[in-house]
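Can you keep this structure in mind? I'll have questions shortly.
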Amino acid sequence: MTSVETQTGTAEAGPGSGISYSPDELMTVVMAREIRNDDLAVTGASSLVPVAACLLAQQLHAPDMTLILPSGVVNPRPGRLYRSASDGRWVTGAEAVGTGYDLFEMSENGRLSVMFYGGVQLDRHGNVNLHGTGYRDGRPSFRGPGLANTSFAVVSGRIILFSAHHTRRTFVDRVEFLTAAGHLDGGDSRARAGITTDGPVCCITPLVTFGLDDGAMTVRSIHPGVDPETVIDRTGFALPTAPPWPVTAGPTPDELDVLRRVVDPTGELAR
Amino acid sequence: MTRSPSRPPDAAARRTSKLVSLSEAAALVTPGSFVAVGGLWFQNNPSALVREVVRRGPGELTIVAAPPSSYAVDLLIGSGLVRTAYVAHVSFDHLGLAPNHRRAGETGTVDLVDCDEATVLGGLMATLEALPHHPVTSIAGTDLTRTSPLAAPRDVDGRGPVPAPPAMRPDVCLLHAQEADEYGNVRNLGTPFCDPLLAKASRTVVVTVDRIVTNDEIRSAPHRTVLPGYLVDAVVEAPYGAHPCASQGHYVHDEEQLRAYLHAGRTAETWRSEYLEPRVLGVAEGPDYLAAVGGAQRIDGLEESVR
Amino acid sequence: MTSVETQTGTAEAGPGSGISYSPDELMTVVMAREIRNDDLAVTGASSLVPVAACLLAQQLHAPDMTLILPSGVVNPRPGRLYRSASDGRWVTGAEAVGTGYDLFEMSENGRLSVMFYGGVQLDRHGNVNLHGTGYRDGRPSFRGPGLANTSFAVVSGRIILFSAHHTRRTFVDRVEFLTAAGHLDGGDSRARAGITTDGPVCCITPLVTFGLDDGAMTVRSIHPGVDPETVIDRTGFALPTAPPWPVTAGPTPDELDVLRRVVDPTGELAR
Amino acid sequence: MTRSPSRPPDAAARRTSKLVSLSEAAALVTPGSFVAVGGLWFQNNPSALVREVVRRGPGELTIVAAPPSSYAVDLLIGSGLVRTAYVAHVSFDHLGLAPNHRRAGETGTVDLVDCDEATVLGGLMATLEALPHHPVTSIAGTDLTRTSPLAAPRDVDGRGPVPAPPAMRPDVCLLHAQEADEYGNVRNLGTPFCDPLLAKASRTVVVTVDRIVTNDEIRSAPHRTVLPGYLVDAVVEAPYGAHPCASQGHYVHDEEQLRAYLHAGRTAETWRSEYLEPRVLGVAEGPDYLAAVGGAQRIDGLEESVR
């Protein structure tokens, strides 16, 4: 329940309550609120939080949304969380098992409405770099894993960005390699590149939720108990607005209850 | 491997049912629609649904079907609702030719676009794969390249003229399967054949099933789901909804009724008086239709007699 | 066991034997001998004979060959024959169930080695017409069912033609509409059209087996008990060679035994 | 519906078994081969087969893998046998980065072709669909279009420059699944993901399985067959053949061993001395390997501890 990144471990859960929660639990709840009832969402690597957020949203306000794991498993319901989104145990109790071709169809044919991306670097326009950093003669001094699904960033209705690490190394002014298209150079540059989908609509970190209303990251809200100076210090680009920022509504008792009782009874997010 | 038990969702989250009535489903086919018709030959035709569409009577339809199609396509053509048909092969298999399809080809009352399996599948796959056209290796040397707009040679990818059917995206896809839950998770007990392809290429997908099963039943065998719910817009419970065709795994095709259809089809007039009126326009779907064709018990027993 | 087309119903089954067989049984046995152990074959409409021939070949000399029904069913083994090749009962006991996309892949990707075609018209160069006859202003006075898989004729390693009807109406000098490519204008015209596969290698009828060694139908053998004049009368093009022709080796007792005991115990071919 | 009993073939017809030994299967990978590696992340990696390939040591390989790949790809890269890799994403998922892949990218010892899911799948699908290139809707705006030969914009079908990966046809495809019969009918108990696509695009397909089942068992559930025998050239019985990865439905991934791999991978030298030598080059596949990683019983019990 503790974190080097935030002080939310002891923050208030709601008016009059004193429930504590972990950073992952907070991020999960905040992300779940972004999911709509008619969404079809696909998750990627290292996606415990997005998977949990979708499962939570299905329990709360989005029972009709479809969650597809990166392995093609449709609407899993294993009764607990597994730390790998491709774990075979997600199959048991799911509604269907798709293939790589199904994922290709789902994205290219325009069904996918939400995609989640983390990144080695995320820049202020919401562009994603999973390729590498420190390039010299085209070769990186740090090579990332690579991006499994670049084109999903173009065809997905909207993108939700997230990062477990809110640091200057992650949140940069400009990605060194653009592996997935956010708002490119900001403004209407995404549309001018011929991309018709919304692109990143928010970015959820352990410290804040960024909005991207004008194609650039702005603090939409700061999480309960976080010091604004910490946010400024740990963000590698100049923030467009100065504090005070609105404070993120923390998890309600009901949200936490459903999360812990139904979605994550083994407490994977609490670790 | 030990399996964790599934846990049901909280009662707070009420998922929307996709169950609709047959007539609500049929109403999705509006005049001028581009309609995909599922099944192959006598198998898994969305027969009850197509009959209900015929009762409602939306005209000027364009249709596409799996390369071997049969009863449902011939019925639609006979009903006069079809303007254009992308159908590669329409027959009653070993029982004979499809009478209305044959007549339409001979009289020119329907634009029967010449095509074959590769051109139909290619056109549908183009939609799935976001291609404007999907070249097909070759139907070289055939008269299709001369007569069919689907097979018109086109210079794609710098390899000279090659038949390249354009992407086809039907407005409504009509399918029959054996089982589904109310959220549109569909299971075929037999061969799904082209039905998944037709569904993925279409804007709206309607599936009739002989039996509604629970979501838990679907979840008990996730590998058996052929169409996940996100591909399906409406589900209709229609027991014996494929008759006189087969619902693979539930009942076989009804050769007696199919032969009666063929016999009625000897002229356009006899088909109307001996089939369309008594079996479609003059009878309601459901118990009345079933009684008119000899009842459910008779259909269940066909397994023993149909070779 | 009788037929208006042939007298083979009482022909000899082998040296010294006096077994009778139906025309369909004879065609099935003759066709089975054309199947190779490494074949991957797909059947089409009205294909009781080709399906039975493949199943018989699997029992006799081609246990490794793969039979795929037009519905995508792989290597069925229902214990009897069903008259429709798409009958759902072929699924039970099969090895796999494929889809239309699998059939597309199998042909376009060059796996298919044998395809069977019948036709409303078959011409002396093995071209197939399933479209229609008696065209006036592009419209046929007789409209056929249409051809489900034209391109299989191009991509399939070889083609086996067959017809239950040996008549002048079926066997014509030139198809009125070329729906599937045989040897086109004969000679090397198939190769000149850029088609690299073998095309029709034989055509099996109730009266004869035609060979197509030079891209034109020649009587390879006449079935036991058939009068050569009947063949000449019922063929709508001039036959390149005059009788006497070699006589088709009738079904052996072993072939008939396996056919009737294992493949067709309910006697569908005997009707 | 009553089912007719299946009837076995006559003893006279002896079907050819596709069962081969692990080393026979590994020998299909020859120097310079283009190799497709199945699985995704920690699931269904053909681990034993890839280790055996490494022991044999054919060099100058080109590899392609499902968009999220992991252990088997990283091992091949670390072994020094790979010249070119079409891999969109290589990581150890939530456990960390893939050490040899990362190092290869930083030192340039392997040509890591930049690609993503759509470009890899598109290239494979092009082979299946007989297209010279398969355009993918868009990876517009990304640096992939600048750096990747797979994503080089090409004028296909008159719609201006669009990324269009060329058809990829691997020489050999290495897969792991749970069950197969000796004729190559393969069944996945979990998610087959891209394995069927890799198999269909490849010239020769080898599958290791934890368990050989009878042909009758395959025929008892035809819908569950993921790869029909005609797609498969060789089958190897290799119990625990996916370890340290999971064989979905049989055993979960071994995080202790995977972490040991990652720890060994902190430098090229430690990876060689702490992993490649003791776990691959210095041990035989089968009982010896299993004993070295703690035995079968330990692997079976991981279900309880791996979260």
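Letters A, B, C and D mark the chains as written, and numbering starts fresh at 1 in each.
To be clear about the criterion, a residue touches a chain if its C-beta (ideal position, glycine included) is under 8 Å from a C-beta of that chain, and two chains touch if they have at least 3 such contacts.
Owing to the predicted nature of the structure, the values given are computational and were not obtained by experimental measurement.
Set against the Cα centre of chain D, the chain with the most distant centre is C.
Distance from the chain B centre to the chain C centre is 29 Å, each centre being the mean of its Cα atoms. Here the CA centre of chain A is 59 Å from the CA centre of chain C.
Taking each chain's centre as the average of its CA atoms, chain C and chain D sit 40 Å apart. Shown for chain A are the residues that touch two or more other chains, namely 73, 89, 91, 97-98, 104, 108. For chain D, the set of residues that touch two or more other chains comprises 1, 125, 129-130, 136-137, 223, 249, 252.
Interchain contacts give a graph that is no line, ring or star and is not complete, per the touch definition above. Under the touch rule stated earlier, the contacting chain pairs are A-B, A-D, B-C, B-D, C-D.
Those residues of chain A lying in contact with chain B across their complex are 40, 58-64, 66, 73-75, 77-80, 89, 91-98, 104-105, 108-111, 258, 262. For chain C in complex with chain B, the touching residues are 44-46, 48, 70-73, 82-89, 91, 97-101, 103-104, 107-108, 130-132, 138-155, 177-181, 184, 190, 193-195, 266, 268. Considering their complex, residues 1, 3-10, 12-16, 127-130, 183, 185, 200, 215, 218-220, 222-223, 225, 228-230 of chain B touch chain A.
Residue ranges of chain D in contact with chain B, taken from their complex: 1-2, 125, 129-137, 154-159, 164, 223-224, 249-252, 303-304. By the touch criterion given at the top, residues 40-43, 66-68, 87-91, 93-94, 97-98, 101-108, 112, 114-119, 121-122, 125, 136-144, 147, 189-194, 196-197, 246-249, 252-253, 307 of chain B touch chain C in their complex.
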